[in-house]
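We just call them A, B and C in the order they show up, numbering each chain from 1.
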Amino acid sequence: MALLEVENLRIEIPGRRGTLVAVDDVSFSIGEGEVLGVVGESGAGKSLTGAAVIGLLEPPCRIAGGQIRFDGRRIDNLPYEKLRRIRGRHIGMVFQDPLTSLNPLYTVGRQLTETILTHTDLSEKGARKRAIELLQEVGIPAAERRVDQYPHEFSGGMRQRVVIALALCANPRLIIADEPTTALDVSIQAQIITLLKRLCREHGAAVMLVTHDMGVIAETADRVAVMYAGRIAEVGPVAEVVLRAKHPYTEGLMGSIPLVGHDVEQLTQIDGSMPRLNAIPPGCAFNPRCPKAFERCRRQRPELAPVDGAGAEASWTACWLYDDAAQRSGTDG
Amino acid sequence: MAEAPARARREDDLLVEVEHLAKLFDVSPPFLNRLLQGEKRVLLTAVDDVSFRIPRGKTFSLVGESGCGKSTVARLVVGLHRPTRGRIVFEGVDMAGLEGRGEAGPLRKRLQMIFQDPYASLNPRWRVADIIAEPIRAHRLVSGRRAIAARVGELLEQVGLAAADGEKFPHEFSGGQRQRISIARALASNPEFLVCDEPTSALDVSVQAQILNLMKSLQRELGLTYLFISHDLAVVYHISDYVGVMYLGRLVEWGEAKALFRRPQHPYTRMLLDAIPDLEMTGRARTPVAGEVPSPIAPPSGCHFHPRCPFAEERCRREAPQALATAAGEVSCHAVAEGRLPEVERAARAPAGED
Amino acid sequence: MAIGQDRQAAADPGLVTHLMDGARRFFDGDLWYSFCRSPVVVVSAIITLIFVASAIFAPLVAPYDPFDLASIDLLDSEIPPVWMDEGDPRFLLGTDAQGRDILSTMIYGARISLGVGFASVLFAMVLGVSLGLLSGYLGGAVDAIIMRIADVQLTFPAILIALLIDGISRTVLPRDLHSEIWFYVLVLAIGLSFWVQYARTVRGSAMVERNKEYVQAARVIGIPPLLIMLRHVLPNVMGPVLVIATINLAIAVITEATLSFLGVGVPLTSPSLGTLIRVGNDFLFSGSWWITIFPGAALALLVLAVNLLGDWLRDALNPKLR
């Protein structure tokens, strides 16, 4: 049984012109200690999915269907208090902007000790010691001195390390990271990615890494889910998805990323743009832009089906091109 | 394969030459505070003695992390800031004094700028057609409403939009489409030189590909010269003929793009290249990267990079390195000058998909 | 050729199409939607509209002309409102000490009040927005000078400034001149006490817009600073100005009423609601309460309605609340 199971998740945004479906029948799971990357461009619904898992969906967005199970128990329908206790203790969060993730009015140490005291049985002194330990773990030099400094006294990269320390405070089993490196310089990004990977491995925490940056995914994730227009286009081991993409969207996406050493005159271009939520085409959401689309793609929405591999190494894709392949691999096992 | 020596470029048709450009900003506390609290004046050296040349029809990219001054260089070149020292020469003509002039001087229509933020670079209250027509009207290139409208339609189609889109407002377009509108506006005055300040950094990767492709084909079609600012090395590799690497206001290395990426000389360039995520899943080992970019208000002495440099020595702390010619361009590093730096050759990658 | 013509037609529609387009977009937009959803605001808007309409069309709306001496009969003085005993259906809200119909004097009084109110808000807006634009966009010495003047002025309460200007004009100008231009003096007095608000707000917005890339793009094109201020920055800073103007209207009306109540506002020959309140005050305890209460209630209602409208406008235009 996986640590986190998301099944047929549906997120709607009621508006005055009708209800928009931002996330439409999305299912995936994360095993213990596994890093799942959820990648997609703006408007794909990946941030909303992450928010839904933690229970931080901002109204009027709401979960309109499906289930989210953590450790076998449903968490999407829990009352606020129960969810709050699971958050922080079992699920930690790392957000994009370290400036707003940390309270500017409290010292870093106070924020850390507060979280530690809430979720563990340590004393004040024990909590402070643990806070300093955590700061050292995330690579903050002179941690005993810096534990009493305010967030604005840290640089961007340092702040993000503090946020990671905060997320790991209570030894959560799952960390949801939403664009953790987007606001950082490229050399700092590399540091933070390495840190996150190492720490999660050491603490045994699973990670749901939501980002638009394929490079971060390639370095960090074990498996990756590619989202498009609120749906999952493809899920699979990261090497498979990055190097041998099955879904035409993923193929186009990977081809449009420039690579150092790769000399091409023109990058692979997917014409048009992701449809707005109120203009999602019938059938497969990608069909108007897909170079391989055929009749069935325009009529019927493809289901996410296994295509290759087995178990944790399985590749799934939602594309009619693989329909026969999917059926074959389904009978095989 | 022998590289053409850097000297040969001097004979090229140079469109833009930047010589010893420097820009200092006064970020002191207000006068009253200084008087009452005895605080000193604080000067921020955003750009420190930067020199480079851009041949006609080519793309020169400036790459670096935050605080390196690349955006400031862009704004200096285009006249939005006045240089503290140094000069910018456009086709042999010194551009000094361009910033002060309010009227659309003849030089202004030959260079234009594209900005990073597609949401702030178009006036939200203006129609797209008016936005694109503004340079046309300002420079009186075409007269008469019909002629202007026709030209605007032409420009919109050139960037991949429809002529009828002129009637809409910017908020009706996506980020990528707005950048296209920005490009159309920049092309409206028939410029030769475009300064592009991180034009794709705010865009999704597939939209970025569209815009980069568009810019490349426009360059071919119209013979444009680009100064391209970016923090993304892969984008820079794809689009540039020449690359300059900046760190804390100084140009640490510049040269012919492919050569610089294959044999980076400066330790910072090597560090940057190592920090690019490994999208080909080669599992390459990374040298650990140390430290963070210091604040540009109080940069380290001597060579600004010395606190983070694995090859730093005493001289690096005392003395700022001078520019040294290399096969591909120039580099400013004591370790290179003293021959202490091991040679590095990064193999060209096979295209993704081949195993 | 068809394609060329299509392109030109698409790029050059007529003015009417433009207006209809704009109207359609407005009624389709969020502002109108939020307006229709709030019954309080709709009622406030209707009330304000009634006031404004009756002020503009006073001669048509008012049952009598209170300035027409021929129509006043002293015998009709101090008649109570129609629903009381001794009420007269000719005078719905009663009459005052001279026999003038209260309703009519209120309508004409509102006309004066609203006239002075609108004019002074307009004056303050034009002055404040211009100075704010110059201050915010140009910065430097211009900004410093204008803001210091504003700071000094803010230390004085608005009423005091208005009193000061009004008083000075009365003493300085000859009597007949003053009685002719009292309107302009009053507008100047009230307007001068309000411009700082506009200037401050516009300055802040201008400073933000000045750094935005579309302004930089205009500078790169070579557009002169004055044109940039007028054509690019001004349309983008006007939003909060409208909110201030609406709330200011209420304050302007009250200020005028206060000045008139104190006797230094409009002359008695063209009484505003404030004057009416003052004049009627003497009769409050002698029993003829209607002479002061009705103008007072009208003033309160007008100010309340305008204030509510302003509040709604501020919330509706606030991008963060949407």
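Criterion: contacts are C-beta pairs under 8 Å (C-beta built on N, C-alpha and C of every residue); 3 or more make two chains touch, one makes a residue touch a chain.
Note that the structure is predicted; figures quoted are calculated from it, not measured.
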{"item": "Chain labels contacting chain B and also chain C", "value": "none"}
{"item": "Contact pairs, highest-scoring chain pair", "value": "A-B"}
{"item": "Averaged-CA centre spacing for the pair chain C and chain A, given as whole angstrom", "value": "53"}
{"item": "Chain A and chain B, separation of their C-alpha mean positions in angstrom", "value": "32"}
{"item": "Chain B-touching residues of chain C, taken from the complex the two chains share", "value": "4, 7-8, 10-13, 212-214, 216-225, 232, 235-236"}
{"item": "In the complex, chain A residues that touch chain B", "value": "41-42, 155-158, 185-191, 193-194, 212-216, 218-219, 238-239, 242-244, 252-271, 273-274"}
{"item": "Chain C partner contacts - residues on chain B that touch it in the complex", "value": "75, 78-80, 101-105, 108-109, 111-113, 115-117, 120-126, 129, 131, 134-135, 138-139, 145-146, 149-150, 152-153, 163-164, 166-167, 182, 185, 189"}
{"item": "In the complex with chain A, residue positions of chain B that touch it", "value": "65-66, 174-177, 204-210, 212-213, 216-217, 231-235, 237-239, 258, 261, 271-281, 286, 288-289, 292-293, 346-349, 351-353, 355"}
